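Let me begin by presenting the structure, written as structure tokens, before commenting on it.
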Amino acid sequence: MRLNFGILKRQKSPIPGFGLTMGYTIFYLSIIVMIPLIALFTEAFSMGWQAFVDASTNDRVIASYKLTFLTSLIAALVNTFFGLIVAWCLVRYEFFGKRVFDAIVDLPFALPTAVSGIALTTLYSSQGWFGQYLEPLGIKVVFTPIGITIALIFIGLPFVVRTIQPALEEIQIEQEEASTSLGASRWQTFYKVILPTIFPALLTGFALSFARALGEYGSVVFIAGNMPFKTEISTLLIITKLEQYDFAGATAIAVVMLVISFVMLLLINILQRWSSRRRGMEAI
Amino acid sequence: MKIEVKNLTKYFGKFVALDNINLEIIEGELLALLGPSGSGKTTLLRMIAGLETVDDTDKGEILFNNIDVSKKDIGDRDIGFVFQHYALFKHMTVFENIAFGLRVKPKKERLSNEQINKKVTKLLELIQLDGFANRFPWQLSGGQRQRVALARALAVQPKVLLLDEPFGALDAKVRADLRRWLKELQEELGITTVLVTHDQEEALEVADRIVVISKGKIEQIGTPEEVFHNPANEFVINFLGNVNLFHGREEDGRLDIDSSLENEDNNSKFLIRPHELEIVSVNNKDAILQAKIRYIQLAGSQVKIELTHLENETRTVLVEISHYEFREKNIQKGDIVGIRPRALRTFENGAGI
Amino acid sequence: MKTRSNSQTSLDESKAVQYLLITTAVLFLGIMLVVPLITIFVEAFRKGAEAYFTSFNDEYVLQAIKLTFITAAIAVPLNLVFGVCASWAIAKYSFFGKSFLITLIDLPFAVSPVISGFVYILLFGAQGWFGSWLIENDVQIIFAVPGIVLATIFVTFPFVARELIPLMQEQGNDEEQAALLLGANGFQTFWKVTLPNIKWGLLYGVILCNARAMGEFGAVSVVSGHIQGVTNTMPLQVEILYNEYNFVAAFAVSTLLAILALLTLVLKYILEWKVARELKKLKNEE
């Protein structure tokens, strides 16, 4: 074996370039991603346990976790519900403008978050198109957790739709025909046959949307108002700490957020495996 | 070019893909590597091509005209390889596919564009696709694609042609035509050719010699006649077509069926091909067993008759006879008849016919 | 496998349910996505076309546009080269630890943009690991263009690779092996055989990568230092203009980014269709 990266053992291949491409991949991955992330964890370790716990669990930080989690959770739930309806309509029905709507679902991926942020803030402010009608009803969106949730719904939606769509497309029509021929109503067929089949995809979409919301910054920061204990999300708190040159504080929160992200990533990987295995079973 | 494979053993992890293979491929012959899927036949072909390498953990060597090529780059082996799924370059026309090998040569060896044109045109004629130069692979039928793949391989004037299940993805009619065409072409060019196949009919029809492979080992090497009529062992018999298994004892050139010997060792096993059995009247004294006719298949070149043992209805016997003989004997479904081997040869290791 | 066609009738929901669902979906997409998109353009032109165009007659805005393009022009090619290398190494060979490597390549998508920027401060900031060395040698990364480029590379890191890996795995090695057997060298094989086969997927990855590179806000915001005319990209300039209550200018710059986004969506749509067709062709051939 000419090259051996420890774990990356391989069978010899007649195709040239393994050393070059794998070498460059590992090198680039290390300098851009691995070393910086390791730096973050090293920094956290050097703080000492007590300092880390103090910095990552003081009242203001805890309040930001609560807010971030709660708004992300609500946003992901809303997205899962409406995302299912949107995906269902895009896959199953024909209607005017379907292609445009299908394409526009990806808008939150493509639109810079700062632009989404100011657009949403303007819409829901007291003079805005939506805000002027909501405010008289006593619903204040801008600078409240509701605003944060709306921004998180915006950026999380494509994850749900784009995960459910392929799962819906792959459902075998025979299953539904069988269910209907056995006397099930349309609703029973949906509830007992379709929903269980796409459930892993639904859960994956929810998890992706939730994970994205936890780390979001750009679209939220304008509409949130950023009041400590009230509308200050965790990512914003990291930036606040940085601006105050409180590197230890920023590091502690970043590590907590990062660990949660990794757990989510692991969970999503497991879900996706489950989802594709279930799809594989259906091909039988 | 003469190819020798000496003591070749190939591992994939712990799996032994090839187990001490020794083989000599004679200049100018068409050799078929025949075996079931997973037998190692494709691995052997790919190792000759250099697509699989002799790694440090593997053993043995591959010689081209007495020179070890185990460590040689695959581009320098003078090999033409035809893949099962053609592996045509999707984005290139038929012409460019065939010209590829000529165009990638180093500058000083490269032919002029004019010469390349001439050569490719000639190859297109050879594969009978003259008008197809500007088509793309996806605009061709499977058989046409396979011929383009062959022309592409031949363009660089290889010394050996290696074919990996070349007709595997084609339908029966096209396969039979292409087979004959390939055989004629190979004889005309006189190029040493190795063909991998799992289809015994294909091997029997085109090959000068057949190598039967199973589980990484060579079971038999011989001409089609030898392999078919003098199979070396049970595996070869089974693999080359349908066969009936009887248990019994041989006495004075006569077979005594005795199903109580079923669980005995190999010495009581007899394998007889369907066309080597004859249907006779039920009390014929040469009959080795009595049976009832269960199913008659008239379609095909031979009449295929399925019978069940009279004493044990779960056991079946297959007999093939000519249509003439079938009409002569007026055989009907449900008849009780006797079965007799047309000729009983001597058995080696109790496994042959 | 039989899948559902749109002409099926026996299994369809009643018309009323269909209308209800379609109305819900359209309203939701309209309120959540379409109206915010329209707002950008309406707000930009609120004070007329002249005010809109005057917004661009500003040195800082022009500098921001320039910096955005420079950043993308560095980050995208670097990630492109990486993506091609990584997918070649992953798709063309079998080795132990492959799925772990793929997970590592995907990692930046799981990291919050803010943290993506922050990690570089820990490395290259004044108090960072290399901080004192950088100060001694008068190299500035954080609060300067290199930092912005680095953060952008980080957040757009997986785009090309994750597009190419499945595509190249699907296409297998046969064509490359055929080319090598015909005497092509490694470079010829890549250039003449592999690249034409992956070009649409590659372009797709590049377009997504570019959209994110030009539009990234969080990560860049952390390392930029917000020096107008020096370290502000377009999204950062939007933030500053908005916070200065210069709404027309903020939305005017936003329209450029929105047009970029729409262009990206159109190209994405076309390329998805192309890639799907390519894959179909591949399946036909077998």
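Letters A, B and C mark the chains in the order given here, with residues in each chain numbered from 1 onward.
One rule holds for everything that comes next: contacts are C-beta pairs under 8 Å (C-beta built on N, C-alpha and C of every residue); 3 or more make two chains touch, one makes a residue touch a chain.
If you're wondering where the values come from, they're calculated on a predicted model, not measured in any experiment.
Placing every chain at the mean of its C-alpha atoms, the farthest one from chain C is found to be B. Interface comparison, A-B versus B-C: the pair with the greater number of contacting C-beta pairs is B-C. Per-chain Cα centroids separate chain A from chain C by 16 Å.
If each chain is reduced to the centroid of its CA atoms, chain A and chain B end up 55 Å from each other.
Spacing of chain B relative to chain C, judged by their CA centroids, is 52 angstrom. Annotation for chain B: residues touching 2 or more other chains are 50-51, 74. Residues of chain C in contact with at least two other chains: 177, 180, 185. Counting partner chains per residue, chain A shows two or more touched chains at residues 11, 13-14. Taken together, the chain B residues at the contact with chain A in this complex read 12, 50-53, 55-56, 74. Those residues of chain C lying in contact with chain B across their complex are 174-175, 177-185, 188, 192-193, 196-197, 281-282, 284-286. Of all residues in chain B, only 49-51, 74-75, 77, 79-81, 83, 85-92, 100-101, 104-105, 137-138, 145, 152-153, 155-156, 169 touch chain C in the complex they form.
The touching residues of chain A, when paired with chain B in their complex, are 1, 11-14.
Across the complex, chain C meets chain A through its residues 1-4, 6, 8, 10-11, 13-14, 17-18, 21-22, 24-26, 28-29, 31-37, 39-40, 43, 81-82, 85-86, 88-90, 92-97, 100-101, 103-108, 110-115, 118-123, 127-129, 150, 153-154, 157, 173, 176-177, 180, 185-186, 189-190, 208, 211, 214-218, 221-222, 234-236, 238-239, 242, 247, 250-251, 254, 257-258, 260-262, 264-266, 268-269.
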